[in-house]
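Chain lettering (A, B and C) follows the sequence in which the chains are written, and residue indices restart at 1 in each chain.
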Amino acid sequence: MQLDAKIPEGPIEKKWDSHRFHLKLVNPANKRKYTVLVVGTGLAGGSAAATLAELGYNVKSFCIQDSPRRAHSIAAQGGINAAKNYQNDGDSIYRLFYDTVKGGDYRAREANVYRLAQISVNIIDQCVAQGVPFAREYGGALANRSFGGAQVSRTFYARGQTGQQLLLGAYQALERQVQAGKVKMYPRTEMLDLVLIDGKARGIVTRNLVTGKMETHVGDAVVLATGGYGNTFFLSTNAKGSNATAIWRAHKRGALFANPCFTQIHPTCIPVSGDYQSKLTLMSESLRNDGRIWVPKKKGDTRSPDKIPDGERDYYLERRYPSFGNLVPRDVASRAAKAACDEGRGVGPSGLGVYLDFGDAIKRLGQRAIAERYGNLFDMYERITGDDPYKVPMRIYPAIHYTMGGLWVDYNLMSTIPGMYVLGEANFSDHGANRLGASALMQGLADGYFIIPYTIGDYLATTKLAKVEADHAAVKDAEKGVKARLDKLLAAKGSRTVDSFHRELGKLMWESCGMARNKKGLEENLSAIPALKEQFWKDVRVGGAGEEFNNELEKAGRVADYFELAELMCRDALHREESCGGHFREEHQTPDGEARRDDENFAYAAAWEWKGEGEKPELHKEPLQFNEVHLTQRSYK
Amino acid sequence: MRLTLNVWRQKGKDDAGGFVKYDVPDVSEHMSFLEMLDVLNQRLILKGEAPVAFDHDCREGICGMCGFMINGQAHGPLRGTTVCQLHMRHYKDGDELWLEPWRAAAFPVVRDLAVDRSAFDKIVAAGGYVSVSTGSAPDGNAIPVPKEIADRAMDAAACIGCGACVASCPNASASLFTGAKIAHLGFLPQGQPERERRALAMVAQMDLEQFGGCTLFGECQDACPKGISIDVIARMNRDYWLSALFSAPPSAGAAASG
Amino acid sequence: MSSTAPAATQRITLFYQDYVGKKVAMALSGVVLFGYVIIHMAGNLQIFAGREQLNAYAQALHANVPLLWIARIVLLLAVGIHFYTGISLAGASRAARPVRYQVKGQRHPNLAGRTMALSGLVLAAFIVFHILHLTTGTVQPAPFADLRPYDNMVNSFRVIPVAGFYVLSVCLLGLHLYHGAWSMFQSVGFNHPRYTPALRRFAAVFAFLLAIGFSVVPIAVLTGMVR
């Protein structure tokens, strides 16, 4: 298979404009004859469904939650980047583009990233017009902050709830179209398979999560905006329901999966407190602006933090990275914390934690100033841990947060299956090997509001789509396959719960395919994961029936997919013999422990093709060309 | 610690429900309330019983999916906290708890502690938005919004749509939810053109969904995990009756040209 | 959103159909009753100025018959609207929660708000009794003479159950008016973070004074201060 990214010709700043002109249009009167199925209602899916409906297409929108307003985009705290340069501090579209490619450790497609930076300014305008209550200055202008170590202030925010407010904007736009009759909403509905007819995506098989009934929806194109696959690790900052089943089913139907090993670890999360832990809670990265990170110098020091004098503390980030100190990028901060804990200097009952200490900041600025900046975060920390961070240093530890990898898409956001588009975190496109803070919201909304509405029209206008009957053989086949799989899960009647398998898988992945990876660990995983998968199918206990509300059955189906995806992640991590961004291979580091990229051999997107059960997937490479950005080694010393 | 739970079990919307007593002997104080239920469910599954169904997703207090009554209080006893963020250190050994779903005619039970809140979506669909299609927006700074106004809009916009206000209201009224959306958009200049229609349509929809009326008990604002004040209800009422009685009839010219 | 605004003729009915409209109806009828209660109290307190003053006041009120009936009709309408709307709101609340909670866990102490329906019903019963007792003289726990309120009050309030019911009712009236007065402003949307708390305090003080103002009469009679 030859991967064609369909990157338009011309200078980078003209590519999107000229491409939009060359895209074919659907006659306004004909739009209502097309039906688009949009799966997922987060920033990408919600904005896409609303905008496609505004244009006149019939949209069917699906989500697993009870309302489209609950998608996990809602949990994003920090903000959304845009190259508005309202602060007059030297920002520009080109700078945002450059920062994003560099921050992604040069593993993203230049043309996509440039378009993202261009569109970023429209997103802010659109959201303001919708009534998103962004933070404002006293004069009434939009406020900005600098985020994630950026040198300019380009992040727009709505308190610590930016994701929520942006999502509500998209949700409200979506509900407006529901009212107008252009969107039919299917909440509590899970996509379990993709239907291909004549090689094109023409429908999805779904399960109603309340009644358990299966249904097939046919349409002219399918848009997947189902988020990332961080929950492969069991413990992550993702919502409990976030899952990879939709993209994995599409992958097994022929969509290539790109860069699955690019996972982002967030350094400031609340540590695990026990084996009942169900998820990890992220604390905004902004805490590192004033907090100092340290561990005791001595191994196994169990004294309480206030009993450890300053001289016996190791402020390891300040020591190792004197110029960036506590503000080094997410991946660097995370690995340094792991290293300290691996040396036996971790703190807290589990030994998997480091201190984030505001003692000095409180002395310098006063408790009031700190409360103004971080009050809500401190409250949240206290609610969860029972410790008062004004008095006792916070304990933090890295956790899986975001997945840069995803289904491969071309410049039009179309996967390798004609008629199937992938948006937001579910695709692999814009963040390379590492995502910058406040860029996920930007990408989701760019894809949904401003890219898919153009590109999908070109496909519909230029493709001959025969009418599909609900009893088409391909539909029946897909339905039969889904039902057989659910029956098999129910029939196992084994002795272990779904969660116990998922936890075990998560542990394997966290140990060997988490913050740091090596050949040995990955190879071990490649035999341990299939073995665990086999055991799962024999010994899982689901209970209940298929045609009823059955949360365990939902989880079982998702976990079954995680085994296969986890295997692919390990395989990808093993093949990528370099360290870049969120992917750190212990074999590939500089003498002082920094990541070493290999641009000669690995400046490509690795897109994997499913070859069947038990078969090795096939690797396809999309070479990445850097005409604008100069490749350098990142250094934060 | 050891807890006794009385959990409302109900198979489906039209089935009869009742309380079932469970003994949970090994609760750690660091667990969240939902993690405690996870532990109970793992045990029920292995015993071949149906696990307790409850809605949840983000488990960090923002998605609004979780929520049920603990001893008659929405999201449990802690102020400003959803049940996913409520930790067991607030209970003591030997406590007996009663877990009930949100109860309202507009929120039929889906199963056990999970209810159907789609009535909220319908209220928003009736008018909880600014009608601005993608692409038609002016520059973000074209209309200045005073900081105080943006802050107050944000206070109202913080609503997570969990339904605790309805659940705790003695009248099962959705006024806090509806008022919060009307206030959020009503504060902002972008929300002004549709302010009258919005209030009329959303209040009418709220009534259609069989929510009760507000009598200002104040229970909702104490139960709201985001601390939204009943002041938003006053704003909703004002917008509503002013629009109902004084909004201008449609222009004859618009009808002729439309 | 619906595309057309309602026609002028439909507005009032549409308005009243929605619960906010009902709340405004409660508030407006409440204002009328509130005003009446204040005037009534002012009248009652003239008992302390002596028999002639009070009886003359009563006769003066009845001098203009058309005006008297206009006032009575307005009051009856207000009571009717207040009562009917109150009942229908309470009914809607019941219907909105067909299955009750097993355990109650009230967070917001609000005695006045929670007892509005109860105090309203007791007051309705009291009003009926009160009119039959002191206006028409149909019920006569003590000798009754038309348009001689001083004598009627002194005679009646010597009967302890009558005085007791009266005091209880005016206390409930205070409670009812307290919640009614401040929540009325919320219902019609007069609300401001700076003034609403003050308004609430004012309502409390006012309701308290009102209950006292009405109660002093039977207490004065019982203690022999007025005879």
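Quick note on the criterion: a contact is a pair of C-beta atoms (placed from the backbone, for glycine too) under 8 Å apart; a residue touches a chain by one contact, two chains touch by 3 or more.
Please read these numbers as outputs of a predicted model, since none were measured by experiment.
Trainee: Among line, ring, star, complete and other, which one matches the pattern of chain touches?
Mentor: Shape of the chain contacts: a line, open at both ends.
Trainee: Could you name the chain whose CA centroid falls nearest to the centroid of all protein CA atoms?
Mentor: So the chain sitting closest to the middle is B.
Trainee: In whole angstrom, what separates the CA-based centres of subunit A and subunit C?
Mentor: Each chain reduced to its C-alpha mean, subunit A and subunit C end up 61 Å apart.
Trainee: Just give me the whole-number Å value for how far the CA centre of subunit B lies from that of subunit C.
Mentor: 35
Trainee: Using mean C-alpha positions as chain centres, tell me how far subunit A is from subunit B in Å, no decimals.
Mentor: Between these chains, centre-to-centre, one finds 27 Å.
Trainee: What are the residues of subunit C that contact at least two other chains?
Mentor: As it turns out, subunit C has residues touching two or more other chains at 1.
Trainee: What are the residue numbers in subunit A that touch two or more other chains?
Mentor: Expected reply: 179.
Trainee: Find every residue in subunit B that makes contact with two or more other chains and list them.
Mentor: 126, 131
Trainee: Per the contact definition, I'd like the list of subunit B residues that touch subunit C in the complex.
Mentor: Those residues of subunit B that touch subunit C are 6, 8, 19, 69-73, 77, 98, 100, 103-106, 126-127, 131, 168, 170-173, 194, 196-198, 200-201, 203-204, 206-207, 210-219, 221-223, 230-231, 233-242, 244-245, 247-250.
Trainee: Mind listing the subunit A positions that touch subunit B in their complex?
Mentor: 47, 50-51, 54, 65-70, 72, 74-75, 84, 86, 122, 124-131, 133-142, 158-159, 161, 164-165, 168, 171-173, 175-176, 178-179, 185, 187, 210, 239-241, 273-274, 276-279, 281-282, 380, 383-386, 449-450, 453, 495, 497, 499-500, 541-544, 548-549, 551-552
Trainee: Which stretch or stretches of subunit B touch subunit A in the complex?
Mentor: So the residues of subunit B in touch with subunit A come to 12, 28-32, 34-36, 38-39, 42, 45-46, 48-51, 53, 55-65, 78, 81, 85, 87, 89, 110-111, 114, 116-118, 120-121, 124-126, 128-141, 143-147, 150-151, 153-154, 157-158, 160-161, 184-185, 187-188, 190-191.
Trainee: Would you tell me which residues of subunit C are touching subunit B in their complex?
Mentor: 1-2, 4-8, 11-12, 14-15, 17-24, 89, 92-93, 95-108, 110, 113-114, 116, 179, 183, 185-191, 193, 196
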